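Quick heads-up: structures coming right below.
You will see two complexes here that share chain A, one where it goes with chain B and one where it goes with chain C.
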Partner chain A sequence: MEISNINKKKIRESLKEDKRLDGRKPEDFRKIEIETGISKNAEGSARVKIGDTEVIAGIKVDVSEPYPDHEDEGTMITTLELLPLSSSRFEYGPPRIEAIEIARIIDRVIRESGFIDFKKLCIKKGEKVYTVLIDLYTLNDDGNLIDAGCIAAVEALKSAKMPKYDEKTEKIKFGEFSSKSLPLNERVPVTITSYKIGDKIVVDTTREEEDSSTSRISFGLTDSKKGDDIIISSLQKGGEGTFTQEEISKIIDLTVRKFKDIQKETEGVE
Partner chain B sequence: MISEKKQTEEKEKKVREIAVPGETIVSGKDYLPGDGTRREGENIVANKFGLVDISGRLIKLIPLSGVYMPRMGNVVIGRIENITFKGWIMDINAPYSAFLQVAECPRFIKGDLKDYYNIGDMLSCEVISVKNSGIDLTIKGRGLGKLEGGIITKINSNKVPRVIGREGSMIKLIKENTKCNIVVGQNGIVWISGDKVEDEIKAREAIEFVVGKSFIDGLTEKVKEWFENKPLKKIVKKTEGKK
Partner chain C sequence: MAYTKRYDGRKFDETRKMEAKVGIIKNANGSAMFRFGDTIAIASVYGPRPLHPQHLQNPQKGILRCNYDMISFSVGERIRPGPSRRSQEISKITEWALSSVVDLDAYPNTVVDVHIEILQANASTRCAGINAAAIALAQAGISMKELVTSVSIGKIDKTLVVDVDKTEEDYEEGEGATDIAMSFKSASGELSHLQLDGKIKEDELREAIKVGRDACKKIYEVQKKALKDMGE
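And then the complex of A and B:
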């Protein structure tokens, strides 16, 4: 059932007093649970729960040709499917705008952060490179799929092992993994999505809160952990509503704070 | 109180078994299939996932999960999905959509139907007929009509009898402890309205507690305990954990 006018009004009214219907404050995240290594056939996998939202990610590594303008770099493809089992509003069939958008946001966050060292994924310049396939599936939808999907993709990448490469046939030996991890570096990307409900900015929204919001903005952040500089590597806005300049700078401050919190929570997950 | 204790004792003696769809509950022509069961040759087979209830010759199945199937006389809470010339199409959390005719409205309706009830409004209504052609609703009656203010929450419709309790004891307890007005639709949609948001959240948490522990005997006592141990201290702890 879609959101009722009653709940919409209630969410907006109680947010004026900085209250949310689940007892959180506007800047609070729900509890994040991470589990990795859930699939034995994938190179890497992870399941992430944020409250009732649940997303699984799987990593496969394949061999393909590089793009002509990046001959010595590996490639990456991110797909996301909004499974009908996760919500009554999703249907089977080719991905809709919503699924494509979330997949593209996560793709861009990981690509632009430089988290994967694509240069090390080259086998033979101009002919053969590794392709990293990131597949995301939603198991349950209670809002904030972008952030949950990004955490799942990153954790799955962290846990992934390189497959064995057969030099004679120039193919991958399926089902055989080496002990080597993917060529990753310390620039772990995180997305923080903020929603505007009424005049208030809210992070980690539930489905009902997303339905009563007018606009959304996702920041993709990363840092090298050595220096203190946090880099905004990507940005995406959605919804019909607008943000003022002040609101954007307020969101950036909030996002940086939340970025550090999430970094702490995801640290040390193997 | 004595009668309630006796009944719970009797319940403890009578351990109900769980049946899954397709499972043979009993065999023999002496038995009659009741709700949620069917006859297959000699056997009585379960249609749903639930607890087996044998009373004399009649075999019934108390469902533990599944969708809400509307019945005549049920009071349900629905959301207006669409507006036609003749009335409102409503989503009542059932597999079929329901229809509320203009003639079933207690007010004199003139002009645009949107001005009376608009898309997204919640109404408490009564099911007047369930036919192949569709479900018909009415809002003529006491306590029926548009719901204003408060919050809407959704529970498993099979747990509605436990939330209401024996002769409304459970819902009365929750209402008294939270000072909220609560309407529980048979379709599992609950409307909670109080003076403060905190009260409404507390009432919703109490209902979720009842739904989660619905298989326990003497649940009313447990809920009383829950309300006594639930002052603000615990709530504060919970929010700290979420940070």
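And then the complex of A and C:
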């Protein structure tokens, strides 16, 4: 359901004084809760709550053929289902552009960050590789699905165990897991999504705030943890509105600060 | 070897550990989780709300619409997201199972949507889904004459057991496994859903239904408690 114009006006008016309807400041995130191992049949799984937004992620691993231009690398597919169970706004049917775009943003940041060592997912060069399937589902939608989805995907990956592989039949033994984790490294990817409402920039938006905004930008970041260099590894601007160059510059600063906050919150989650 | 003892130590008339919780999805008008051991179903209810397209509307009463779906990683081998022939059939069966207790006469031209997701599967998912949906409908304040309670009864070799899991469902020795899913209206005990896969004799089927009815009385208590806990 679209929100009323009165609410949109309230959100904008309040933001003029740097206040949000739920009492937060424009730069504040809601409380983040993470739970892993929510499904026994998945190689890895996680549930992430940010405020009233709730997203689950599951990892399945299968074998397939590599891409011809990356013969010695495993592959990855990310999907997102905006479940009608999670909001009256979502309907059954094939994923629409909103779901496809979010899944692709999350796919890109994970891929480009180098978090997964795809070379270690090669079984036989040019013939057989592991495919990592990341499936995301919304359980309750109250905005910021991109950042919540990315955290869920990353935590599910971190918790995942490789399945057992039968070398004779060259197939996965479904339901049997090894003790080996996925080949991941310390370059943990994080997305920080900012929305422009009026002329204010806001992070971790609620659904109503997103409906009141004109444009959105998502940064995908990662760092090596060894040095201080934070790498921006993906970007996506959305919405009909625009950002000034100054605004982009400001958002970069804000994004880096928030990246460090999220990193701290998710560190040590097993 | 006859199936004289359940492999997981349960009594023949014992369900797996049950858990039910109402009010788990904030956006929904009603929602619930129901669990038989490792089988976890969640359900949410939206409506009554206007039904589109208009030609589907019934000017006499509201319509109940159910959708059953399995999360891709709820089972060992990943399920492709989206509807399958199996999930569409179960959706319809669920709709029929619940329709008999839901009174939508007061809401002409509307629809009540029930969405069921199986988070984790170890057999009896449709039964867990129906149990969750029934209490989600109650929480949504939909006018109901009584609840619906669902269970699967298995005939494993020659033995009737309550709440079949995957291992029992796959039992191949002796007479093998027969799976009978059934749902009862909680007060009247009328059957609003009955399905069977396997081989069974007439008297055994009659007995299975009796066993199912008794099991559902216990399941009903779990549903009732979840609704009460929500109120407190």
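Quick note on the criterion: the second predicted complex is superposed on the first by the 269 of 270 C-alpha atoms of A that agree within 3 Å, B and C clash if a C-alpha of one lies under 4 Å from a C-alpha of the other, contacts with A are read in each partner's own complex, and residues count from 1 in each chain.
Definition applied: contacts are C-beta pairs under 8 Å (C-beta built on N, C-alpha and C of every residue); 3 or more make two chains touch, one makes a residue touch a chain.
Model, not experiment: these values are computed from the prediction.
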Superposed partners chain B and chain C on chain A - clash or fit: clash
Which of chain B and chain C A:79 touches, first, second, both or neither: second
First (chain B), second (chain C), both or neither touched by A:21: first
Chain B versus chain C as contact partner of A:175, first or second or both or neither: second
First, second, both or neither for A:137, with chain B first and chain C second: second
Which superposed partner A:191 touches (first chain B, second chain C, both, neither): neither
Which partner, chain B or chain C, touches more chain A residues: C
Selected from 7-15, 25-33, 43-51 or 133-141: the stretch of chain B that, after superposition, runs into chain C: 43-51
Of chain B, residues touching chain A in the complex: 79, 91, 93, 118, 120-122, 147-152, 154, 189, 191, 197-198, 201, 235, 238-239, 241-243
Residues on chain A engaged by chain B in the complex (per definition of touch): 1-10, 14, 17, 19, 21-25, 28-31
Chain C-touching residues of chain A, taken from the complex the two chains share: 38-43, 45, 52, 54, 56, 58-60, 62, 79, 81, 83-88, 92, 94-95, 133, 135, 137, 139-142, 174-175
Chain C - residues contacting chain A, complex: 25-28, 38, 42-44, 46, 49, 67, 69, 71-78, 81-83, 113, 115-117, 119-121
